[in-house]
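Going in written order, the chains are labelled A, B, C and D, and every chain counts its residues from 1.
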Amino acid sequence: MRREVPILITSIAGLVFAISYFIPHFPFGRAETIFGDWVSIVQSFAIWLGVLNLLKIAVEKIFRKSEGWPYSYLIIISLIGTLIVGFYDGFRGIYANPQFSYSDPGTHFDWVYQYMYSALTSTMFSMLAFFVGSASYRAFRARNVQATMLLVAGFFVMGGRVPLLDRISGLFTDSPIFSELANWIMNYPNAAGQRAILIGIALGIMSSSLRVILGIERSHIGGGS
Amino acid sequence: MAAQFALRYGSTRYPIQKRVGQISHPVRRYNVTWYRPDCVLKQYCNEGKRLLRLRETIHGFLRFTGLVFLALAALFFSPRFSYSQEIVSPAGSLSDTAALMAPQPPTNVIVKDLPNDRGEAVIVRWNLSPDDDGNGDVTGYIVSRSESAVGPFEPVGDAVRGALEFSDNQTDDSKAYYYRVDAFLEYLDAAGEKARLVSVASSVGPIKSTAQWFNLDRKWVLLFLVFVAASIIYFIEKAKKGGKIYVRKIAGIDAVDEAVGRATEMGKKIFFIPGIQDMNDVQTIAGIAILGRVAELAAQYDTWLEVPVCRAMVMVTARESMKEAYAKMGRPDSFREAQVHYLTEDQFGYAAAVGGMVVREKPATIFYMGAFFAESLILSETGNSTGAIQIAGTAQQTQLPFFVSACDYTLLGEELFAASAYLSREPRQLGSLKGQDAGKVLFLLAIIIGGILATFTSFDLSTIFKVE
Amino acid sequence: MNMEIVGIWVGAILTLGIFSFLYKDNPVYKVCEAIFIGVSAGYYAIVYYFDSIYKKFWQGAVTADHPDWWLFGGAILGVLFLTRLFPKIGWVARWPLAFIVGATAGLYMVTYFVTNAMNQVASTIMDVIARGDAGDINWVQTFGTLVILVGVTTGLMYFFFSKEHKGAFGGAAKVGIWFLMVTFGASFGYTVMSRMSLLIGRMDFLLGDWLGLIN
Amino acid sequence: MLNTSATVILTLMGVSLIYILYLTITGRPVERRVVFLYVGFSVWLPLLMKITPPLPITTDVQKLYDYIIKLPPGSKVLCAFDFDPPSAAELQPMAVAFVKYAFKHDLKLIIMGLWPQGPQQAQMAIAAALEDPTVASHPHEEGVDWVNLGFQSGNEFVILSMGGEFKRMFPRDKRLIPYDSIPLMKNVVNFSNVDFIMNFGAGYPGTKEWVQIGVDRFKSKLGAGNTAVQATEVYPYLRSGQLVGLLGGMSGAAEFEKVLGEKGKASTFLLAQMFGHATVMAFVIIGNVAFFVLRRKKKDPAGNN
């Protein structure tokens, strides 16, 4: 029961989506629609699972006084605070006339989004610009033929995609040769290489999907071979 | 009277005035378009030619690849799998007066069951109204429908000028419908309100929508999919029965021995980073398989191998895998659980912690095998600055460039999985690898042969592969 | 006080707090990071609740005039997912997981095969010699076409695992890896471009919205 | 004033790089925080200088432009916002330029998001577009000229389901108005009733998924604006015609603004982008020159550390 049911569910769901591509007729077309709805709903619950799990871990951390536990208070406060603001705005909007959305400009939730969420996530990722800078100084080396080709191509793309190298060539010629070179690299060798990778990945995904549907691969339901 | 209309085309909101101050539209004579049987005949001829060409393509395909899926292909041609109705508009008939000022209706309206669908849709096609010449005499088309030939007609949708078809997706398969397509001209009347002049077209029909049993556009997909799937299953079965499956040498894996040896010589540690994803990611699984091999060598040379992880499940699995490896080399006592330890789940926190460890302990060799994201940069940079030999492997495409330029060896994408299959000798992985190679052979042959044929003959193999 | 001004100050302080990591890992960064984790989890929870669970399931199956009973199937699977929180009955959560994995596998099997393999192969098959309108050979185009053809085939050969890279095949695979390296070089350049843009966006906030130096 | 001092500091920074090269070659590399400072300043200072460097239009952007100018007024455009605030620096300028263009040419926008943050970014793009004087001179009504359907979970399954009926995944719009009561959505059942799809994508789900399902399964026409990271991966689709055009990263956004004749954020960011690239390129050169010099005189014990 613990093993067979999940395998059966996996195969049925997989077969419906694979077959409905070829057979649009009832029952496959209809099943595809219903299953599509289910995927959407299940994924929302999965997000909630993640959020509740985060809460659970944070609470456990505080109880066990494990390393960095005071920060867990902050996680809990900011999480619950956001939830309160969101639910307040959401239900206020539903019962208002005319109705409005929890994320409309001017709501508290939109304020949290604009000034806290946006600021934090964008800053978190913008640190990467600094790391790229220091890695370019300390790590990116033309240590062999392959790395050399990579760096040279990267160099021309970086310099050609913005009017940087064209500034230098502009002293001699009017045509933006480096911009054109970067464009050519993107549209020809890059497209060719990407295409080879795409075909390889497609076959890889096809084979792993096939194994999942046929029940040969079971790691997702917590069992090896 | 007519001069009062500020005749405008384009958007009513951003008008571009045309022929200001003129009476721009003289009384028009309405051209009656007759239904021309020769056109329809031509269409059927084309249909026939298409079928002939398909047959030729099949012969060509068989000759070149030797695949015998004829039975399957023959099945696709069976007409009962795809039955679609098509009705062509009869003679147009209109009084002249009705068309005063209004644009002429589109001609040659065809209604047809939308092919290869699950029913409940009818496609309406037409030729442009003679007035729809890009001068703004037509704003768009209105498609209306009725269950009787004489109406009343309910609008079911509109299309912009220049459009040639509309798909009515709200039909009932049990009912027959009549359609009408009218061209209209939108203008601002004297009061500044939007108003429309609509043509008067005749109705077409009746038509019923139906669902099809097989999507004929996709027959080649099925054929190739079955071929690749069958070869994957075949090779998995073969590998399970102990059949030999060859996997080529992979540079990064060959370098593992050398890297472990160097650490031993220098008397320094080896670090192994299995990515930052959990065990549900195939890349992590592949990484752990490679960890097994590294652990065997470390046990053999008696070198300290350290695995900092950021997921609890990965910690458990890595410990098991290492314990097994040490036991296999006859040194089960040398393994310490502390060799695998959990740091933190947070991405940058983990990177900072590993960075700190690398700077303090200066390992001789660092492996990165698994799923990496932005932290790949920070990790490989720190490792590089301490002069460690670095071997990386990931299928995370955006991180590969950084690994290639900062590490000594890098397993590119699929090589990671191939390496793990090679090291673990697992039949499922080996079999799928070989099956995928069969797919690659198929596609390679198609590209090369297709290219030669396209260059030197007029034969176009790409039509088989093109899916629309 | 204007909420917008308060917001900009809060945003600026959080931004600088995160940037303090660049100097070294410190408590201020850890505080901002904790807020980040909490707020983003809360944000996701709210959006998924209102846009999906409420709008799609609740209004579609419970409060609708013509309820769609099928939606309850999804909700039941979803609730089963939540059993993960309770270790004893957590194994039930494998059912919805199995459903998602199966559905994704089924969809991917065809879509990847069609879009990333068949259609890419189709557009690689072409007449190598490109001609202009007058029938004369366009050498630049022809060269480009050749590059594509050679790049795709040799790249595929490199990812071929059941044959040793020796002789002519080995040579082709070597050309393949060059193509892959140029490809990675291109994505290297583009990734750097993206990373810089991220920082520009933040700088624009600090200098423009906060300090008002850019207008 | 700001302009001049920024120029002076940048020049000084450029000159000081030679000193860093000298230090590195002699085996005394600078600390990473110094590099951080260079990166920070090289992006910060140009933002104060307000110079828009000239930029040639690439074919990828031109193709998209050529396609959208052919869309007649009244065309319905499905606009998928699949990005979050971190990618907004690249994608928001594209989105704003596109929305402005659509409003000026009376294209009807149907907005949706596969990323939860998408519809909220769209809201901002619309607000920004409505501030434009030309756009503001004519009324634009939500529900008639544009509609925001909001977010739906399910990634590519949402697109798949929309192939049958949009209403299935978006029973109400963002304001909770039922689908059938929105004037714009009347008679819009699925992809066959929209004229064009524009996707602003920063990752998964994004352009790849729209190509796989929207284009290859439901025969729609798709244009894309991508972050630079994503852009490299979608070039094969551009070549094969599965995409009608592509805006890649900040420079793609700047080109798009230029070709549409809009002066937007991306154009003002371009100079900073240029200096950012220049810094990275300079450090790659310094690092590699030092690497080769040090490798030649092997006797230097410091290695490349």
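Basically, a contact is a pair of C-beta atoms (placed from the backbone, for glycine too) under 8 Å apart; a residue touches a chain by one contact, two chains touch by 3 or more.
The structure presented is a predicted model; accordingly, all values stated were derived computationally and were not measured.
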Chain closest to the assembly centre - both centres taken as Cα means: C
Pair sharing more residue contacts (C-beta pairs) when C-D is set against A-D: A-D
Distance between chain centroids, defined by C-alpha means - chain C, chain D (Å): 14
Centroid spacing, where centroids are CA-atom means, of chain B and chain C in whole angstrom: 14
Interchain centroid distance [CA atoms averaged], chain B/chain D, Å: 21
Numbers and ranges of chain C residues touching at least 2 other chains: 21-22, 33, 37, 43-44, 47-48, 52, 56, 103, 107, 109-110, 112-117, 119-124, 148-149, 152-153, 156, 159, 180-181, 183-188, 190-193, 196, 198-199, 201-202
Shared-contact residues (touching 2 or more other chains) in chain A: 21, 29, 37, 39-41, 43-44, 47, 101, 103, 113, 117-118, 121-122, 124-132, 134, 136, 138-141, 143, 146-147, 150-151, 154-155, 158, 161-162, 186-187, 190-191, 194-195, 197-201, 203, 206, 208, 210, 220
Chain D: positions in contact with at least two other chains: 32, 36, 39-40, 43, 86, 88-89, 117, 150, 152-154, 157, 160, 164, 169, 176, 216-217, 229, 232-233, 236, 239, 248-249, 251, 273, 276-277, 280, 304
Arrangement of touching chains [line / ring / star / complete / other]: complete
Of all residues in chain C, those that touch chain A in their complex: 3, 6-8, 10-12, 14-15, 18-19, 21-22, 30-50, 52-54, 56-57, 70-71, 73-75, 77-79, 81-82, 84-85, 91, 93-110, 112-113, 115-117, 120-121, 124, 144, 147-156, 158-159, 176-193, 195-196, 198-199, 201-202, 205
Complex contacts: residues of chain B adjacent to chain D: 10-14, 118, 121, 139-140, 155-158, 160-163, 166-167, 169-170, 381, 385-387, 397-398, 467-468
Contact set on chain A toward chain D in their complex: 21, 29, 32-33, 36-37, 39-41, 43-44, 47, 93-94, 98-101, 103-105, 110, 113, 117-118, 121-122, 124-126, 129-130, 132-134, 136-143, 151, 155, 158-159, 161-164, 166-167, 176, 179-180, 183, 186-187, 190-191, 194-195, 198
Chain C - residues contacting chain D, complex: 22-23, 43-44, 47-48, 51-52, 55-56, 59-60, 103, 107, 111-112, 114-116, 119-120, 122-123, 148, 183, 186-187, 190-194, 196-204, 207-208, 213-214
List of chain B residues in touch with chain A within their complex: 116-119, 211-215, 218, 221-222, 225, 228-229, 232-233, 236, 279-280, 282, 285, 348, 374, 377-378, 380-381, 384-385, 397, 401-402, 404-406, 408, 413-414, 417, 426, 428, 432, 435-436, 439-440, 443
